Each structure stands twice: as structure tokens, then as C-alpha cells.
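The next part holds the structures, each set out as C-alpha cells.
In what comes next, chain A is part of two complexes: it sits with chain B in the first one and with chain C in the second one.
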Partner chain A sequence: MTATAHRAADTLPDVDRPSFARLMLSEWTKLRTVRRWTVALLAAPVLIILVGVLTASSSQPGALDSPLVGPDGTWVQDRFHFVHRPLTGDGTVTTRIASTTLEFSVPPEDGGDARARDVERTVWSKAGLMIKDGLRPGARYAAVMVTPGRGVRLQSNFTTDIAGPAAGAPTWLRLTRAGSTISAFQSADGLSWDPVGTVTVPGLPQTVEVGPFVTSPTATLLAQRQFGSIRLGQYPTTTRAVFERPTLEPAGAPGTGSGEPSDGWQDDEVDDSAVQAGTPPAPDRAGGKGPQAAPPPAVWAGDRLTLVGVGDIAPRTPGEDVIKQNLTGGYAGLMAIVAVAVLFVTAEYRRGMLRTTFAASPGRRRVLAAKALVVGAVAFVIGFTASVAVLLITQPIMRDNGFLPPVYPDWSLTDPTVSRAIVGTAAVLAAIAVFSLALGTVLRRAAGTVAAVIVLIVLPQLLASGLPPVAGQWLMRLTPAAGFTIQQTIPRYDHVPRICVPENGCVYDQPWAGFAVICAYALVTMAVALWAVQRRDA
Partner chain B sequence: MSAVHAIHAEWTKLRTVASTPWLLFAAVAVTVGISAMVTAGASSRTCPTPSICLDDLPRLGLTGAQYGQIFVVVLAVLVMSEEYTTRSITMSLAAVPRRWRLYLSKAAILTGVVVVVGSLGVLGALLAVRRLLPGTALSAANSDQSLSLADGPTLRAGYGTVLYLALVALLSYGVAAILRDTAGSIATMLLLLYVAPILTSIITDPAWLKRIEQFSPMLAGLKIQATTALDTLVIGPWQGLGVLALWAAGALLAGLLSLQLRDV
Partner chain C sequence: MTIEVRGLRKRYGSKVAVDDLSFTVEPGMVTGFVGPNGAGKSTTMRIVLGLDAADAGTALVGGRPYRTLARPLRTVGALLDASAVHPGRSARNHLLWLAQSNAIPRRRVDEVLDLAGLTTVAKRTVGGFSLGMRQRLGIAAALLGDPAVIIFDEPLNGLDIEGIQWIRGLLRSLADDGRAVLISSHLMSELEDSADHLLVIGRGRLLADTTVRELVTTASGDRVAVRTGMRTEAMTALADTGALATITDGETVTVAGLSIERVVELLTRRGVTFTGVSAHRASLEEAYMELTRDAVEFGTAGRGGRAAR
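And now, the complex of A and B:
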């Protein structure tokens, strides 16, 4: 039979064509009646579950003694230099920040000036005004601050971050408390005030501590890769901020009554390092070389206050993504699915059966589309069922192994991130199945297609850890391997810098971006296959 | 038909299949290319002393074999499975009625071809890496390691890698003889080889890490490439290759039994 004959057949009236539903039914019948395909399709969920259980039962969290938690139970760090006085009831605190200076040193062998600019660009040093529920690390707070390069921000309770005007020091800042509502303002001249934002801090007691604060985290940057392990550059920083005329209205209890501008202000360092002791550095944003030494005490010169701070006020996230780890079996399961999806079309080419199929339903594109839908749907169902099953099985195992809140928060299958990971795994497997089927249609050879698909999906994962970080990352981003990005569930905070390396499963910031890549592969290959199947002899 | 004739017939089959030269070329090119790429990308510029970070230069220079082996797997699977796909197995067995003789002839030819190609890949990788090395940040730190084949451990890593590839080929060949299906055999082999390194990159329990490294055909077998810090390996170089040899022997035997006892 020639291609011309088939094209002529395409123009037959619709009554001679089987309906699309019948086409799908016949393709489904083909798929389920080949015994070894059924065996392979049943092996896929078994592999996903087995690998997941193996991963879960052989994972241990680091030794976490007593991680610090914020007001909502989030794992946090809380260390800063605080000059404060009590405020009872409502009130307003105002100051001018004359200057902020970031101090750190970069060894010349790490890249000198360019590296220093990277540190300045990355680090979220903070200087401003804070209202806090006492001096206990992890207590409720709201703060307005200048952050070099990122303007004025209003932050509260570690996880909330509101961007204000793009101003830096020198600038005026103001924080106003009315009940549990705290509003922040910024001004260039101390006369006309622009609002930065308003936050609600529930549970704030009647009496709080207010005043200027400074903190300055350790910058963590990616250094070179060495034989499969990533070296991170850790650069502890110090920020020196000069505040002018910090004033609280109403002034509250005076100190000694000396009338000096410093009168009534107390100098303390809020330091979580005692609480955090024993906490291993999280790989993505690590404390690294142990806690920094305490900064020198605050210095008053008239109404000018010089404050030096180290530390950070921010949420922390664990290095391992528990959900993504337990869904690792997707890599094993996909190999069985790829083999079946490829054979689903190449076996028909090989046996010449495709000619019979096309004779029975001359609309070749419809046949291919029906095949793709059937194999994609089967892969989706397998992926979905196996993901739900593996997470239900591994959750108690992970808890027994010590993956407990606050570092590893409790989760349920209905959490948006967890359900996205489950549906995402199923959708990625479906996209891979369609990609395999389409590539099999184009190449018509089982051996080459199976090897090519598995090489494209599995090997970037391994090779990425042997390449320089940037090359490894682009390898992961541009190959279908990126699809599994959709499994990531660790919360991302825009106000917390993080190191994105393939080892952490970090390929794209946005989980959906990786899914889009695998879908693009599937759609483009499918388009080529639809074109080829029409043009070529069967 | 004598054994020599059977082997000669298999050689004719292998060399006249269109995919063979491409697969062999790809195996060498990928082994050399990825070895060169990974070496060029590694750096020990910030290492305090070479002994801490620069653990194993010959092993690094032979990284490509982990990826070149895919084409060896495909070749080895095709040698057996295509006989079933094209049904030429009935004719082959009509010509060589003793099935074990056909089976061993194929295995012998396959081993010979993979040894030659593996040697080319290993030599090419070591030469490429030696040429690249002065231009990389590694050169400053590697004064105590050479990539010369006159160096005992390096030589062992080199021919050990060739043996590794030959054993992977025999394992794939055995699996193909059991499954008699191209796509299924390739998928099974890649699963068997590559799931272990993905697992070890995730799990943290040292006992499980050790178990996986000891029993995975790829991770245990590649220990033959180690040249330094041998006392820290969970399994020695030759013992590791022995694990892979056991895998290969098991698959070969099962494949032979499958051929002898089942209808073709």
C-alpha cells in the first residue's frame, strides 16, 4: 500500500471512519492484551513504591536538638542587636538611619572583587526599627528596615515580607502600633511620610519592646564543584548602622532621668545561637562555621547611636525535600512505562501490523492521537495511584526516623504542595509516555528510542553533579529531566536567599517551569510524529 | 558447524548490522567526551591541600565510562534480542543446532568487540584528560598523581574499566536472552545500572548506603577505577568488579538456561 492511497482514504466520508471513542477502545484493547506489557505496567507502580519505601527507611535527618520556632511553628533563626525600651499600649517609634555599612572579607583566591559584589548582592542585611514581644528569640515581631539593594521592607513573624519604597540610608523610618496592627512609614526628610505597609501581629501583648535593630547574615555563595561535591563559600558579614534621634511616643518610663538622648534605651543582643546549638547547617542556607562572636555594644554620641549587628531574622528550610525524596521511585517506574509506550508503536511497525491498523482506520493522525491519549492516561493513573500509595506508606516511616516538626512540618495528602507533587508526578509520567510514543513513531526503532528517552531523563540527573554548577544546572533545565521539579514542596521565601544546585533538587524556582519543559518535549515530538505518520509509508 | 565457524558467522552478523558501527562510535565518543568535560569542569583551586579534595584523578578521568556504557548495553541487547524480533533465531539455530554453542559464540564475539572498543575509549579518555589537564585548575594540585599507564593503580583502573564494560555487556546479553525483547531488556538494564546512583545521592543512612554500593552492579563494579584511599572504600576494587562478575555470570547462566529449555 502506498502513502498516496492512504491520503486518498483520508478524504473518505466520515461515516466510513470509526469514531474516536472506538479508536481509543481498540488501542486500549491492544495495550491491555499483550501480556508482557501488562506485566511491565504493573511493575511500574511496584518499582515506584519499592524505591520510595527504600528511600524512606534509609534516610535520617541530621541531629536537631531544639530548633527554634517562630510564632506559627515555622523553623526560624532569630539573632540581632537591639536597642530597645518598653512600650505599653499604642505608640509610635521614629528614627533616621544616617548610614549602613556592610563589612566582610572575601579571600582573594575566591575571586576578589567580583565575589565581593556577589556577597553584597546576595546578603539580606537588615537595619531599622522593631516592635517585639520581649527579647526571647522566636518571639512575635514586626519590623521596618532598610536592606541594601532591596529598598525599605516591612517584615513580621519571620515569614511575612512587604516591599516598600526603593529607598536606602539615609532615610527616616517610623513604626506605629495600634492594637495588633502595625504600620510602617518611610520619609526622606522626616516631614512627609510614605506608607510602607501594614501588618497584623496577632497575640502581641500590651507591653512590647521597641527600638532600633541591626542584623547581618552570613552570605552563602556557590563556589566550585570538586569531584561531585559542591563547595559553598561562607562569608560572615557585619553591618554597622548609624541611627539618629530614635524617639518613642509616648516616651514611657524614663531610665535614670538624666535627660540624655540615650536615657531609657537598653542595649541587648537577641541571640538564638544557644537555642540553635547542635543544629547542623542546612545545605541550602547554612550557618557554616558556627555562630559568630557577639558584636560590640551600642555606642551613643549625643543623639547618634552606632549599632553593630550579626545574625539573621528569617525562616529556615530543611535541605531535604521529604516529599520529593519519597517520590524518587518515579525515576525507576518511568523506565517500565517508557518501554511499554515505545513498544506500543514500534511493535506495530515491526510486525507490519500498523498497515492493518491504518487500513481499519485510515485517519492516521487520529490513530496516533488515540494511542497517545491511551498510553498517557494509563501512565497518569499508574503515577497517581503509586504516588498516593508510596506517600501513605512512607509518612509513618519518615516520622519514626525522626523527620519531625518544626524542621520537617507535618503534611497531609490534601496540602496544596503535596497534592501538586502527586498530580505532578502522574502528569510527568504521562508526558514522558507521550514523548516516548511520539519518539518511537519518528524513529520506529525500539532500542534507540528507549535508550534515548532514558538517557534524556535519567542521565542529566547523574551527570549534573559532575559538571561545573552552572553547566549542570542548564543541563537539568533544558532536558526532560526538569519535569520532576514539580515534585518540590519546600516553601520558598523571596526574602531568604538560597543556593540552587541540582543536588538539592533545585532546577527551577517555580515547580511548574520544569513541568512545562517536559510538556514542550512531548508536544513538539508529537507534532513531528503526527507530521511523519502522514507523510511516510507505514 | 565447528565453533570457529559459529564464531565467524556471529562476527559477520554483528559487523553487517547498520547500527553496530554507530553504537561503537558513540560508546567511544561519549566515554572520551564526558571524561574530558568533567575533568575540565572540576577544580581544586580552593583546596587547602591536594590530598583532601583531589581524591582520585584517574577515576575522574574515566568518568565517561559511566555514560559510554549505555551504548555497550544497547549493542549487547541487540545482539540477542534482534534475533527474536526478526525471527532469524530459527535460522541461526537451524545452522548451529547446539544452542549453547550459538549462545557462547555470540557472547565471545560481543566480548571481543567490547574489549576493543572499551580499550579505545579508555585510552582516548586518558589521553584527552592528560592533554586538558595543564589548562585546568587541577594541574596545580595534582603533583602526586599522574595519568601514566606506567603507574600501577592507574593501569589497573584503565584495564579494569575495559573489563567493567565487557562484564556490563555480558550482563545485558544475558538479560536479553532471558527477556527476548529489545525495549524491555534495555529498560531493565538501565534500571539495574542507574537507579542505584540516584538512590545513593538521596539516602543518608550509612548502613543502606554501604549495602547499595556493595551490591549495585554499577557502583560496585566501578570501584575498579579507584586508585587512592582504597581503605575507605566500602568494597575493594577487585571485589567490586567481582560483584559485577557475579551479576554477569548469573544473567549469562539464566540466559543460557532460557535458551536451552524454552521454545524459541
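And now, the complex of A and C:
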């Protein structure tokens, strides 16, 4: 080459910046060409699968009490006191609820009055009118009810819950059937009626049982905790409701013809624990004290009906989240991912390689963004494939171990909750990888960064069980591991109270809320890192 | 294409690394950037490459700040630290990611490997490379984009004779291609045979911007060496005139600022006998030593001092 030849090259216009994709390709080449990193990255899915399989092999379902199912196959409980009469075809049932009284006792060592208020606040006792497909527990129904503190509700088939006016006893309630459509109304005076809502109960037969009902569940509350253990307080409740003038139109078949207001109404206790003739009585998962004794029979005084109820009409959920449990390996896998993500940037600082990098690509923020995207994408792919693999491997193991419907419903990878858990696990690993990389950029030291990330993720798990429940929960909520709440697949029902023990994974109700936390960590740290690389001398 | 540095200043905490530095590196020649350790050579190079931000002044490559170059490897090839490679990565892969980041075709990687004589070890990890092989890899990386401007920081450091000769030949041919070549060293002897132009720097300041020949001529000045057995008497005779006389070895006294005739006259008048008087010709090394005497950062125990002896 001659001098003139090179001068000609000088006059070439400075071409465009290489595309961001090229920068990512360059960073990907860096990541895949260090053998130690590749080995660590391959170890991540192996760890995820191994831990998942070990967990699955050693897990046994809790004692199965009543595997009663609702109309849609959901695991439910169905116990209440029901005063009813048959209705054939369409009709309307109306009553006034004069009063409801919640009765329970709290032992003084559990906190007395304060605890009593907790029970009142938590318990979903129900008193109102019901239309049900016969007296069999688990049968289809729709019901309008008053609840302590949660107003008037319209519920059907266990899982549907519609909030109505915020009224309580005394109040008028009305339930109207038109085919499979059931509408509920509430009135203060029995004259002007406000709609509560309308539900469809498909498959309701021509003749149904209708009438007043009362039920009152056992409240379960966190009672006490010592380091590493938790005691749950069980407070069985009873609800006494006074109904006035329950009337059905059309009245249907008369009873004995005595002309009394009670004429034609039958008194029954619908009890799911009674129908499980074949099953030995097992303690309730939440209770441990066995089913409550049947309440006293209904009492009529003129047109006033006093009804005492125990039990609950609600969906049940298992204590173990099978999917979340089998994805526990995510914690093990992320250690390898964190290490590589941190080294991916601190190795450059340590050896002055960053100067080579920034001399080749002066757009430092672009470089860091490309690094983050590459390491995040790799973590995502690892998390995704390992999650799919571990769930497919553990599914038959769990079935063999007795995790069977209805308590543990069958699932497939394409179920929305399962897909969310899989994609979520991958996304959490990606976010943690980006967070690690960003923190490594800020701190510029491998050992310190890896230690910081691991402590931030693991320590809260250990501390949470030793702290007061509220403090433990907030610790879990505000640290990156909150992201794993996205693995929750057990349905949450707003109308079913839940005890929340942070170390059992009860961190956020909303799976995405925890994911938002880790994303916030990643984004904020990344913003600091982007600011730092631009400002600092390389 | 040139490198233009104007009024550059940089301090790290209370330490001034570069102090009002201005120079131009012209194309078609090898410019040596020389100064004792800690004189600010590497700092200046890092500022030119947009790695460190200057507190004041400008550093332009081809009239533009480095950081505005879209594909800088195609304009500037730099070797700052031969050890700045991940030891777990192969030579080829190190060059590959660099090429990808600047949209340089993949075949160019093999070309520069061949140019640097690394083809046979291209797939070996850099961790097992000798310093000389790493220097070659660093140079291969610098040449990836066929740049018009070359910046090498201490390229001869730790090389064997064969390596030094290879780099000298390479620098010459790069300059002959019309490229601007800037190489730094703390040893003048390393640059003596390779540099066309010299930038001497000490404590962050430019001490000389000159050619090799000019530097030697200026520095030798009017110094006179006297060979004598009566060193003390000679010193006294010469010092009385206010001239600076130094004992340079066992039998020699060197004096600056006096002509050879005046020296002979002074010595004769005081009766100092001498066996020889000569106008002293300084070596480049001595000239450099004199320039940087006050600027030696780490004292005379440093390599700069020892090399000048």
C-alpha cells in the first residue's frame, strides 16, 4: 500500500454506527467464548431440573379429608343450615333478615379483644337466600347473602362472587329465577329494590330447593410465632340469623295445610362431612379439630325463623402449590446465572478489557444495554427450557406420590397459570441477571457483587421466619426474590380468606406484583450503571 | 489523517497527569511519544481514544473527537495494554468479537492473525500466551479495521529481538502507507531507530516536539569534556567563571556554557594539566536524560535514570 492509497481511504465518509444487533452479536461472542462461563450457564438448567426432581420425589400430599367437588370440578366445602321448599320452574323468594349474630370464643392467651376483632374482620359468615339443585353437597346453587363487613353478595357455584350494596341486617333480600338466570335484589324497606347482580347457573333442573340459609366458618389466624415455627389459631364460629316472613311465589305445593308461616318449609343441615361415608374422618387441613357439631334445628316463632349455622360454602385450595414447588430449582439455577452475569462485566474491569471494548464501541450505554440484553436473553432461554423440562419430568412423579384431583387439579403446560409460571420463572431469572450485571458495573468487583446479590435473595428467606409476620412479609416483598411470586398457580378467591405466611411463599396476592419488584431492581440499578459508565473514565 | 491535541489537561485527584499538552501527529511518519514512567503518555493516549475525559483542551482524530466515530476501529487502531484480554478466550474469538462490534468482515480476522504470525495459535486461549504473543495479538487487534491512525502504548515492552525487529518493520511500513503512527516508550533507545519525530513529555508537559537529529544537536550544545588527573583543580578553575562543571567519570570533567578555547585558556592559567579536551557529543539518550531530569517521576532509581547512565 502506498501513501496515496491510504490517503484515498481517509476521504471515505464515516459510515453509520453498527446496528445494535451487531453489538449484541459481539457481546454474545464474548459470552459464549469463555469456557468457564459456558459451563456455569449449562449448570444452571441442570440445577433447576435436579432440585425440582428431588423436591417432587420427596413430597407427599397432606391428609386428604373431603375431596368434594363443585359443579366445575373445583375442590369445595359445602356445609350450611338450610330451610327450604321446592320450586318448580321460575319464581321468586323474598325475606327480611332482622338480625345476624356471630358467636365465637377466643382464649385469653391469643390476645382477647384485639384477636376477637380480627376474627370478626376476617370471617365470611353468610346468611341469606339460596336456590340449590337439591340437598347434595357440591350441587349447583346461587345465593344472595349478608356478610359481616362485606355487605350484600351474590354468589354461585362456589367460585363466583359478586359484590352488592354495602348493607347489613336488618335488610330485605330477594332471589328470582328465570330459567338458568338468577337475579338478586336488596331493599331497605321491602318496597323499592336495588339489584345486586345476575348470575347464570347452567344445568339447573326444573325443580330446585329454595329458602333461607346460614353458614359460619372457622376463622384461621396467625396466632404466635417463634423462630422457625408458626402457630395458627382456630376459632370456630356460629352465626344465628333471624329471618322474617320468608315467602316463595308461586308458593308451590302446600305442606300439611296447617296455615302456619312455617308450613311447607323443611329444615335440613347440608353437610359435606356427613356424605363422605367411605372416608375415615380426617382433621381439616386448616382446622385440626374435626367437624363441628350440628347446630340446633330451626325455630319458628310466628313468621320469624331463627336459624343457626356452622360450616362454609366456598372453594378450597391446597396448601402446596405443586407448580411453584417443582420450580424451586430456580433458586439454585440463579446462583450460576448471577455469577456469570456479574463476571461478564467485572472481568472487563479487572483486566482493563473494558478499554478495548469502549475503544471499539464508544457508545458506552449501547454497549452496556447490549450486554444486559444478551445476558438477560440467555437467562430467559435457560429458565424457560429448564422450567418446561422440570415440569414435564415431575408431573408423573407427583401423580404417583398422590397429588391427584380434585385437590391437585390436572394441569398442562398450556394452562394460563402454568404458562405464566414458566415464562415468569424465565423472566425472573432474566431480570435477576440484568440486575446482577448492572450491580457489577456499578461496583466493578466480582466477589462483592455476587455476595451482595446472593445475600439479597437468600437472606430474606432465612430471616423472614424469625421476624414478626408483618416485618417478615415486607422483607420478602421488597427484596428481589419477591419476583418468584410469579410462579403462583393456586387460584386466589377474594371471597375466601387466606392466612398468609411469608416463608410459605405468601408474598403478594398478585403474581405480577412480585415480578414488578425485581424488574424495578433491575431497571433502577441499570439506570445507575448507564449513568456511571458514561460519566466514569474507563 | 492526523491526531491533534490542543491544550489538554487532566488531573486525577490532586495529581496533575497532563498539563497543557499540545501536539500534532502527522501522517506518513512514526512519531515517538517518550517520557519517564508517569509522565502522562498513557493518560494522553486514553484521552485521545475517548476513554478518559479531559478536564480541558481537545483531542481530535482526523478532525473529530474519537467518541463521535461510528466505527472507530476503522479509523484508529490502538494497543494500550497487551494483557487486557480475557485469558479464557482464544485469540481468534478475541478478534472476532472486536470485528463484530465494528462490522468488520470475519475474513479480516484471519488476515490479521496471519499478519501477526498467530495463525498456528489462533485457537489457543490467551491465558497461555507469552507477553510477546499477547503484544502480537494486541497489534493484530489494532490492525483489524485497516485504520489510518495507529496508537501503540509501549509496543516493544517485553519483546525479544525478533519481536522488536518485527514491530519496527511493521511501524515503518505502516508509516510508509501514509498512516499516522504514534508509539510511546519510556526508553529513548527503543525509539531511536524507529521514530521519525519525537514528542518528549515529562510531568504532563511537552518538553520537546522535534526530530531525532534536532534533539541530539540541541542537547549536545557547547559542552566540553576535559580529560585530566587534577579533577578538583579543574572543577575549581572552571566553576569560578560561573559555568556548570560536572565530573562525568574517573578522569573526565564536563563543562557547559564555555567554548573549547576558553576552557583551554582557563586551565592553562591555573596550571591544571590535562591529557585531552574535546567538544562533547551527547547521545540521544543523554539528550533525553537532560530534558527529563526534572521530570523523572519516580526518581533516579527508576528505569529512565538507569538507562541514561
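By definition in this document, the second predicted complex is superposed on the first by the 505 of 538 C-alpha atoms of A that agree within 3 Å, B and C clash if a C-alpha of one lies under 4 Å from a C-alpha of the other, contacts with A are read in each partner's own complex, and residues count from 1 in each chain.
Here, contacts are C-beta pairs under 8 Å (C-beta built on N, C-alpha and C of every residue); 3 or more make two chains touch, one makes a residue touch a chain.
Please read all numbers here as calculations on a predicted model, not as lab measurements.
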Task: Partner chain(s) touched by A:R36 [first = chain B, second = chain C, both, neither] - done: both
TODO: Please work out whether A:F358 is in contact with chain B alone, chain C alone, both, or neither, and reply first, second, both or neither.
DONE: second
TODO: Return first, second, both or neither, reflecting whether A:A447 touches chain B, chain C, both chains, or no partner chain.
DONE: first
- [ ] Return first, second, both or neither, reflecting whether A:A339 touches chain B, chain C, both chains, or no partner chain.
- [x] first
- [ ] Scan A:T55 for contacts with chain B and chain C and give back first, second, both or neither.
- [x] first
TODO: Have a look at where A:D537 lands relative to chain B and chain C in the superposition and call it first, second, both or neither.
DONE: second
Open item on the list: Please report the chain A residues shared by its interface with chain B and its interface with chain C.
Closed with: 36
- [ ] Using the touch definition up top, name the residues of chain C that touch chain A in the complex.
- [x] 1, 27-28, 46, 49-53, 62, 64, 66-76, 78, 80-81, 83-90, 93-94, 96-98, 100-103, 125, 141, 146, 148, 176-179
TODO: Would you tell me which residues of chain A are touching chain C in their complex?
DONE: 1-7, 9-10, 14-19, 22-23, 25-27, 29-30, 33-37, 347, 351-353, 355-362, 537-538
Task: Parts of chain A lying in touch with chain B, wherever the complex brings them together - done: 36, 40, 47, 51, 54-55, 57-60, 109-110, 223-227, 231, 320, 325, 328, 331-332, 335-336, 338-339, 342-343, 346, 350, 446-451, 454-455, 458-459, 461-463, 465-468, 471, 503
- [ ] Going by the contact rule at the top, pick out the chain B residues touching chain A in the complex.
- [x] 19, 34, 37-38, 41-47, 53-56, 60, 63, 66-67, 70-71, 73-74, 77-78, 81, 85, 137, 181-184, 186-188, 190-191, 194-195, 197-199, 201-205, 207-209
